[in-house]
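Paired with chain B in one complex and with chain C in the other, chain A is shared by the two complexes that follow.
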Partner chain A sequence: MSELTTVPKAIGGPSNFLDERLGAGNFLKRNLRKVFPDHWSFLLGEIALYSFVILLLTGTFLTFWFKPSMAEIAYDGSYAPLKGVMMSQAYASSLELSFDVRGGLLMRQMHHWAALMFVAGMTVHALRVFFTGAYRKPRELNWLIGVGLLTLALLEGLTGYSLPDDLLSGAGLRITEGVAISLPLVGTYVTFFLFGGEYPGEDVVSRFYSLHILLIPGIILALVSAHMVLMWTQKHTQMPGKNRNNHNVVGAPFYPAFMAKAGAYFLFTFAVVAGLATFAQINPIWLFGPYTPADVSAGSQPDFYMGFLEGALRIMVPWEINLFGTSHAGTLPLSVIIPALVPMGIIMTGLALYPFLERWVTGDKREHHFAERPRNNPHRTAIGMTAITFYGVLWLLGANDEISANFHISLNVTTYAGRVLIFLAPALAYLITYRICLGLQRYDAGVVSHGVESGVIKRLPHGEYIELHTPPHEDIEAHVRGKEPVLMLPAAPDSAGIPPKGMRGPLGKLRARMSKAYGGEKIPLGDGHAHGEGHEEEEHAAIGAGDDHSLTR
Partner chain B sequence: MTRITAWRRHPLARYAVLIFALALVGMAYTAFVQVGKPADAALASGRVDDVAEGKALFELHCSSCHGLNAQGISGKAPTLIGVGAAAVDFQVSTGRMPAADSGAQAPRKPEHRWVNPDSIRKLGAYVQSLGGGPQVPGKEQVDAKLGDAGKGGELFRANCIQCHNWVGAGGALTQGKYAPNLNQASPTQIYEAMITGPQAMPVFNDSTITPEEKRSMIAYITSVREQTDPGGFGLGRIGPVTEGLVAWIAGLSALALAAIWITAKKRQKS
Partner chain C sequence: MTDNEHEIEQPDERVPRRVIGTPAPGTSMLGAPEREDVEVEIPGVTLQDEQKARKAEKIVALCFTVTFLAAIAFIISYVYFQVGSPESTGVSNLALGSTLTVALLGLAVGIVIWVRMIMPKYSLVQERHPMVSAEETRGVVAETFIQGANESGFVKRKLLRRTLLLAAAPLGLLPVVLLRDLDNSKMPGAAFNKTLRHTVWGEKTKDGKPRRLVVEGTGQPIRAADFNSPGGILSVVPDGYQHDLNALAKATLILIKFRPEEIKSGTNQNWTHDGIVAYSKICTHVGCPAALYEQTTHHILCPCHQSTFDAADGAKVIFGPAARPLPQLPITVDGEGFLVAKGDFNVPPGPSYWERGDAEAEARSKGGQA
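What follows is the complex of A and B.
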């Protein structure tokens, strides 16, 4: 075979045609070499992206057979235990999809598993971005898009969950109605608008269907595109390391290395979703039976991403206010409004505002293209763990009936424990995380100043045993040395004792105090014998210069 | 470094050892549990006078809590006058009675050594003689083949699942009580539970749910529990809780491992 020196005509011709009309060559030349940094956690967002692709494809398949109608019919399909039972057309067509359409059950299960992976992928991606501070300038807007996507995903899940009109989805719908109707003043209007009359009415499935297959996915698709374009133009953050700085990106080019990895990761995601759908049954609607408002089952649960709202509802104390002491004047059911709105409000608003709050506290207006290691901003990491614990306690308590039934704990005990833990556990999480971060920083300082343990014990002529330390690998050292102190506001009063502008008044003083606590260098690097830690000073007194990279001790 | 030493120092070695140890402990536990189970009681033979023999059994095994004349002891156990043979058959054949301790609820457990169909019949005859009550249903009354599963399913959803869950997987009640799993209950036991209302369960008498309807409900319960899950492993059939666990533990862990794998750098030989 001869060496290939010119482009074959079969490739050159069409390429030229396209290039002359679209100018694609220039675009590709610029973008195919785009560099992507490499770290496993940077792929987590792709779980959500690829699950979304799977959702669009399997969802389209499902629309071919699903009938979004609440008209009552007698079931006459092939699932024997429901023969002759009256049910809505939506439920009957979901049963048809499951039992009478070839591949229908697999598609339904893939759609549902992909939905769970979609939200789970978004969650871990958001956590990665949060804990590495990757939302900092200039990426705040992309972070906000992400928060919007997460909210929409919950809404998409809620509407999709209600479509098959089985008993379990009906229970979820009933809670949705309960929340809507508990809103002060507008509650009844909102409910009648949503359901087209008395609950459950005959419209809600077709309305949710339009939202679920058209409006919300459309917005999600647009926001996902915006998310990707912004990421592309702003470039991905990278972990600190050798030869990396705030103005470059070290990694693999999009073509071929990153494209191959992304392609492989799509296949992995597909394999996991298809594998789960093949081997693990999800949402067996035929077991739940058709929805009638009179029936409700033990163990009725929402999908996991709504679990924290369920948990909030379950541990809430039964408070309600009758206006003017009588229910005729109107009732404010705090026992529904608070769990429905407060946890969600805290988490979503907190996520959206965090980048701006952090900047307000630290006064950090610089651009950041490094992913910060979580330990190096201990207060942020502790706040993140606090939020996770808050969410986690609610999530766990959303399943308190299953916990009670399967682990033989009194249901009442789980509820009372939940009411205490929802306040106690986040506070503990804050303290523990903060101390762990400092501990890890101290460990890093130790690695930089006198190397890593080599595992070699040496006996000195006079009998003393010492352990040899070797200098850390240069990649590791560069990674550790990428640490930057968290910025602090200049809060020191001037010579006349007047604090700087913006630090006056009660809010300003609070800001200055928060800045002082949040920012600063807690454990300076390059000094393993942290200042002010007397006992360590003694312990290492004989070691010599802290920054010596030869074998020290 | 020999190959075995290299394996021993492999980063995954400690996990392998941990999993091995856990498996070993698990197997040992299972073996002990098997040994601890009592052997099936041999069938007692001979029937002279059921009521008299039932009274003797009662005095031996039940009277310490229910009183010598089944009148009940306040704060300890209810009276058994009028509960009928069906209640005796349900409680004793499921191992709930004699109770092991006075907890929130007596659980289903392996029957006691003296319990067999014969001794239950005698005990039932004695309790029946005290003040009547529901009788043990006949074979035909609980024959699932004669019931209409579709109709039974509707009744099951309307009356049972708020405590027992949509497939009878059970659920929690207040103060440590619970609605048990229905998978182990025989058709006769299901019927008896409905007519006697054991523990926290209400009574569904024949005017609330007719005997034919009860038979249809049994037909539904047994047909659904014998069903092979068409979608793969049933995950306990308790709904989104286990599904969420699987999504996070199996799905997300697998994908995180995949991400670590494809972004891993080749280790440099030093």
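What follows is the complex of A and C.
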């Protein structure tokens, strides 16, 4: 095996051609060895990215056979139980795609599984970014792009889910119609425009088709590209650790290591999607039959990412008001509008505004390139868990019929429980998470000042037993010491007793109070045994049982 | 990371010299790499043990071979397994899917082993720079902007500026106007409410007779005398509209047979026939068909969001998010004893909407029962 000493002609020639025309050499000189920090949680977003690529590939395949038409035809394909049944061309072509095209069923199932992975990947990625504060300056714009992408992904899922025009997808469409028509003032217009007249009409599948395969994926593609470019330019955040600081980035180079890893990760994602499509059936449309507004199958469930909206619709109380009396327009079906708009509004608006609200509260205008450990910003982590619990309760209640059937609980009880839990559980989650974060901070303080348990028990001359503690590994210690207090606004009044500008008035006072609660060092790490800079190796922190309470308090 | 920590933070050291040199004129842009002894340690790059790497190479080669074989197997499966029936499609799906999965997995595992056991371990350091541009640059940009704005005359020439804005405003409206015909029925907005209020039950048949109720699916008309077991339930559609989805979306019924003493005051007795009651099957919440019926309790349940209606008592809501009862359809029998509609619903069926108003209260005030 010899090693390269010159660039091979096959690469050198074309590179030269390109460089003379594009000047790509300058870019590559700077970027071929761009450093990417390494942490498993930094790869979650890539699941979404690769799922999107798989969606484009499999989706293009599907378009070659799918016919987005609601014209009624008698089915004449090879699936015997539906032979001769009247159905839309969309459904018939979905069946053809499944039964008469080799690999068609595999591609259809891969497309569906990849869609679920796409949204799931985005969700966990967004959570990682949120909990580590990686949305902070200078990355707020990329965070906003991400929120936009998540919203578009839900829309993309909704339009795609409706295309096969089977009984299940029709149930989803009917609910979409019921929600759209409930909107105040514009509801009937929106519905008649969307469906080309009365529901269901003959247009919605072809309209959703052009949205689903062209408009929305086009925007997603553009935003994903922008997301990548920003990430590339701003460089990735890193976890605190040895030799790492806010002004550097430590990791593996793009070429060859990160490139190969990313390629392997794409293949893994692809393999998992293919494996799921092979062994886990999804959306067997031939079992549901063609859509008719007169029928629905029990246990109709949307895809998982719509579950929270479904749950909100289910636990809502039956409120409806007529603003201007009986015979006039002005009907507000709150039992539809509230669950359809409020949870989604809270979550998406909350996500979009959080970086700016946090900055307003902390007054932190610095650049941040460390991924903060969730415990070190306990209020943010608690708020995040509150949102997750809120979403989770709704999501669970979206399947309350399944819960009721499988756990033998009365259906009505699940709904009543949901109505209470939607308020109670998030509040509890806040309190519990906050306490856990403080506990973990206390544990960190213990590790830094007293070391870690060595497992060695020592008996002292007077009979007392103690456990020896050893200093933590330097990587771990550096990781723990990466903690920074959350910034607080300077709220102290000046010598004349006047609070600083922006802290007066009711809003200013609220801001000051929030800042005081949100910011600051909750549990200081402490310097313990003045053990630092690694020159006191001989000092083993041996602590007696009496001292040890600090670790378990 | 030993004693050369300061050195490695030099920007030049970010890129190990072994790999990339300065592009020389006339050569490829990658240039001729400076040859460096492999033994010389490059900061942040820890080479793998050659013996282990050699072992790993064999495993990687095995993985890649698996991919090669699986890909061939995929092609063979495609040719060999035909589709057509659910069974044969299942077999084809299994064969194609598993070979594809194995092919992708082999490549993925191979590359991971390659990265982890053959490529060096990296801990390279790069500097970050603040995103903000230099003060001087910003100043130049600001000056350029001002200069350009003045040169263009946009600031000085009011007429130009104002007419440009004037021109832009209606142009922005064009796409909105163009979308008006999205509603193919092209009815004026005021007519939406009217359309939603009426169903085909209000229309007589071509020969002027009231419209018959037929069983969904079979299209059989229903003889009242034959639908006689109390607790019986049928899903019913209007005769002549069995395949008209627009009509079905509003007019589908659920037909229930009661013992006369079971019917409570909420149900309009004049609209029933011999204990047979017809309700709209379209849920008043968001429009799912309320398809489930519990005989013992007379509960109609919508499977989508579990709104529950008491069929014996005018289908009033007893549970769930629906705010209004399912509208009742007035029915009777024709000369041949078949069930027919006496007229349309007196309130709009299906989900609520802005223009609907409290149609139930309105109907009551007109002396009817809703």
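Here is the rule we go by: the second predicted complex is superposed on the first by the 509 of 553 C-alpha atoms of A that agree within 3 Å, B and C clash if a C-alpha of one lies under 4 Å from a C-alpha of the other, contacts with A are read in each partner's own complex, and residues count from 1 in each chain.
Just so it is clear, contacts are C-beta pairs under 8 Å (C-beta built on N, C-alpha and C of every residue); 3 or more make two chains touch, one makes a residue touch a chain.
Note that this is a predicted model, so its numbers are computed, not measured.
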Between chain B and chain C, whom does A:Gly103 touch in the aligned arrangement: first, second, both, or neither? second
Determine, under the contact definition given at the top, whether A:Ser210 touches first (chain B), second (chain C), both, or neither. neither
With the two structures laid over each other on chain A, which partner does A:Thr278 touch: chain B (first), chain C (second), both, or neither? both
Looking at A:Gly299, would you say it contacts chain B, chain C, both, or neither? Reply first, second, both or neither. both
Tell me which partner A:Phe288 touches in the superposition: chain B (first), chain C (second), both or neither. first
A:Phe268 in the overlay: touching chain B, chain C, both, or neither? Say first, second, both or neither. both
Could you figure out whether chain B or chain C reaches more residues of chain A? C
Output check: A:Lys83 vs chain B and chain C. Expected answer is one of first, second, both, neither. What do you get? first
Give one of first, second, both or neither to describe whether A:Ile175 is in contact with chain B, with chain C, with both, or with none. second
Where does A:Ser454 make contact in the superposed view: on chain B (first), on chain C (second), on both, or on neither? neither
Where on chain A do chain B and chain C both make contact? 80, 98-99, 105, 109, 261, 264-265, 268, 277-279, 292, 294-300, 400-401, 411-412
So in the complex, which bits of chain A are touching chain B? 38-44, 47, 80-85, 98-99, 105, 109, 112-113, 116-117, 120-121, 124, 167-168, 261, 264-265, 268-269, 272-273, 276-284, 287-289, 292, 294-304, 307, 399-402, 404-405, 408-412
Seen from chain C, its contact residues with chain A in the complex are 1, 5, 9, 14-16, 19-20, 23, 27-33, 35, 38, 78, 81-86, 89, 92-94, 96-98, 100-101, 104-105, 107-109, 111-112, 114-115, 119-120, 122-128, 130-131, 179, 182-185, 187, 189, 192-193, 195-196, 216, 235, 237, 243, 245-246, 248-250, 252, 281-282, 285-289, 291-292, 303-307, 317, 319-324, 350-359, 361-362, 365
Which bits of chain B are touching chain A when the two form their complex? 104, 149-151, 153-154, 157-158, 161-167, 169-176, 178-179, 220, 223-224, 227, 229-235, 237-241, 243-244, 246-248, 250-252, 254-256, 258-260, 262-265
